[in-house]
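One structure is given below, encoded as structure tokens.
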């Protein structure tokens, strides 16, 4: 992969600033929130609690890529509007997934960071259009994407003018069925050693099991990632999507405490 | 997958008519042409020869999803215009891949069949928009998509109003490196036994090696598929993309002869 | 893989003669029988019926590698004795799996062909010992073995002196869950084009679903394999192991009829 | 997996004592040494240095399962004899792989722990025989073994009478080619949460790249594993096998220092 923008170069690693938050800096960031934005009341409750425990960025899905067309598809722009309003009220930057090139422009009114989901990592039309905006992009790894393909996907965005790309490892598809995906922390180590992009980890999709999220969060941090994106909810069992991998706010709090201890003593 | 449109039902299997060609009928169809539309002269030469040997439908890529942004990305609408013109001159229906919702409407001026590539099988925005047109859709299986996810992708299109979906098995990603992908003919047999959609096979991507295309074409036909889509070129070694898996027109001819023998004696 | 015994060379492909049966010759062979040898009465009944419909070689498991230690582990040498007796009575060569180097010598009293199961393809101690006997070896592909590793496993046997190796494709492990394994017919085509070893296909393990066995048998034959190994039983539903993928004798008969038609007209 | 010996139960987690070392106790153990025992002089030099930096157990391969029969196959019992002699001289317990049931008895004269390699995880004959000895067994996960199959492999040993089983995660086979295997730390977390067996991690095979070994060692420890097994050599580049993933003694030292810091502050 010679001479690509993603490559390690003489310059510094890319640091991405969103509001007061720096991704790729000295301190891992924590992004959290529900899989889906459900309504204003639930969202503001979640956001207030996450803000209080020190979460840096708020997530919430509005355009939901669901396997079945008959499953809840998200609130769309109504969801983004709620997310944006809530983000402002609690003073947190917000991130959400966009799936269609035609939605990008309007989404910029609401979002501080745009997420490209795993299912759209190879959607090169979307990536090229996202290369034309300035907002940071969280680029999830495709379900069966090689590290090399993933970096080329980042290159698609960067070569069109937007170098604010944050990679996100979220597990790959293997034969193993106990966990939803196989979290590939080797990939985190490779990215941090050889390339200059920030990388975060999604232990929620990376395991699919809420009881594994805390331990794999710490394991990800020690593998060198620049942050975590964790699905959380005030009532995890009642989350309208991905309940099985959604943790409580209290669990996020203990993960943050844990990270602080690691960081304090070890870096 | 109870009560889905993709399911086997009391009604007949879906047959899709494009010009004089029936996909899902008694006779397997052959779709062929170059990976990329390169220019008018090459395209018309390829098309005339393919027409002569009995190929049913002409393919040619205009929007090319390439791993690297620095590789040839296709001629875009200029390519579709060439393909359409050539198709009319030789009297063959044409198929090409569309990757962006905003290109669908314009592409309808040129295409008889729209292809959803492997990288976009999970692009639900695209699938939903394709559910609103009437043109048949070739839906390639995602690189690591389960049969179930693939059928749900078809359901996305069908549930929006377009039941003209043709599945296309093109190999899945496994640990095996000798071949580009592992052609999953089990999947063909499953689809034909349990669901009512037509299914074709792409032995070019399914193997990645031109010398395997003829034998795997026949193996696919005997596994029960409704047709083949084969990358071919008048000068395979000079094809601007996927040369390693592109066969000569003469090879396509021998594949067609072979299929005829099988069909004659055995069905 | 230069200069290996498995390589295609100036000499002819390897043909293996067992009794009156030739594996790797002009005509595909059919090996069939129950997953496990259960008792003499059932075995002789199965064997007589298989002999009558034209099956070439009789199979029956005596040493069974089961995932759980609490599942039926096979009758061991008692099973081999039954199999051998039955084989002689119906005049059919017999094949069964051996899992332990210390059992090889004794098994030679009973078996015409020794099978190395998928779980033991990397058991190099076993392979080396099997290289010291003269009996033909059916070498199943490991669950996640590359074609190259599989050929090296054959080379282990051949380099120790026994060139009578028959490869057996039985499906590889992938993310797909609908079928037990993904039958890799690309691998059959690769072996037949580039190497001189005979190769057979096991559509029973390769699909895990009895309803797919007949169609995938034919698809395997047209991919160029030299034969099939099919799990069958007089009462498939009552088979003590692998019932879900075991077919009736009648089904084996129709597969054989089908193969004959293909062979007659096409080769 | 109800009512199996591997299950979490009312009793304590299994702790395995080897000399003065406890595996599965409060403190992670470090096992290290060369991929292959090469000769006495190199082995004693490596051992002395490893002892000095605090490595708990010495490893060294004597029976080497190599993909090609023409690659160095190890020194066999001569290698075990060297390893045993060296272990005694530096007062460290020793572990090495055994591949054949007929070698078990003799190997007990030399080894404190027997390793079952990845290629032999499904070798049930070997597992049953190892269930009849008392020496602890390191059971590596098969290349494409599910967690469930791996636990059943442990159950094979335990149900025959030997409960001293130490699981070893060493990476699984996926489509990713950058790393030799994909280290599955999810599996470590699952085992520690639900089952009572100790589990160690092999970051050498789990990555295949020496530059990833230190970071993945720490990531493994924070995922909860009970120890590490690391390939090391006084002259890593000259190691006769697996040089690309072999680290220097100095690197092992820094890993141990790192672990101590983590343990001191965090447990």
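We call the chains A, B, C and D, going by the order they appear; numbering starts again at 1 in every chain.
Here is the rule we go by: a contact is a pair of C-beta atoms (placed from the backbone, for glycine too) under 8 Å apart; a residue touches a chain by one contact, two chains touch by 3 or more.
All of these numbers come straight from a predicted model, not from anything done at the bench.
*Asks:* Would you pick out the chains that touch chain A and also touch chain B?
*Replies:* Touching chain A and chain B alike, sorted by label: C, D.
*Asks:* With respect to inter-chain C-beta contacts, which pair, C-D or B-C, contains the greater number?
*Replies:* Comparing C-D with B-C, the pair joined by more C-beta contacts is B-C.
*Asks:* Considering only mean CA positions as chain centres, point out the chain farthest from chain A.
*Replies:* Measuring from the centre of chain A, the most distant chain centre belongs to C.
*Asks:* Distance between chain B and chain D based on Cα centroids, please, to the nearest Å.
*Replies:* Centres of chain B and chain D (C-alpha means) sit 48 Å apart.
*Asks:* In whole angstrom, how far does the Cα centroid of chain B sit from the Cα centroid of chain C?
*Replies:* Each chain's C-alpha centroid was found; their separation is 35 Å.
*Asks:* Identify all positions of chain B at which a residue touches two or more other chains, and write them in rising order.
*Replies:* As it turns out, chain B has residues touching two or more other chains at 144, 148, 173-175, 177.
*Asks:* Under the stated contact criterion, what part of chain B meets chain C in this complex?
*Replies:* For chain B paired with chain C, touching residues are 144, 146-148, 172, 174-179, 182-187, 189-190, 192-193, 206-207, 211-212, 215-216, 218-224, 261-262, 265-266.
*Asks:* In their shared complex, at which residues does chain C touch chain A?
*Replies:* 144, 173-175, 177
*Asks:* Write out the stretch or stretches of chain D touching chain C in their complex.
*Replies:* Touch residues, chain D against chain C: 63, 65-70, 99-103, 119-120, 122-126, 128, 143-144, 148-149, 152, 155-156, 159-160, 173.
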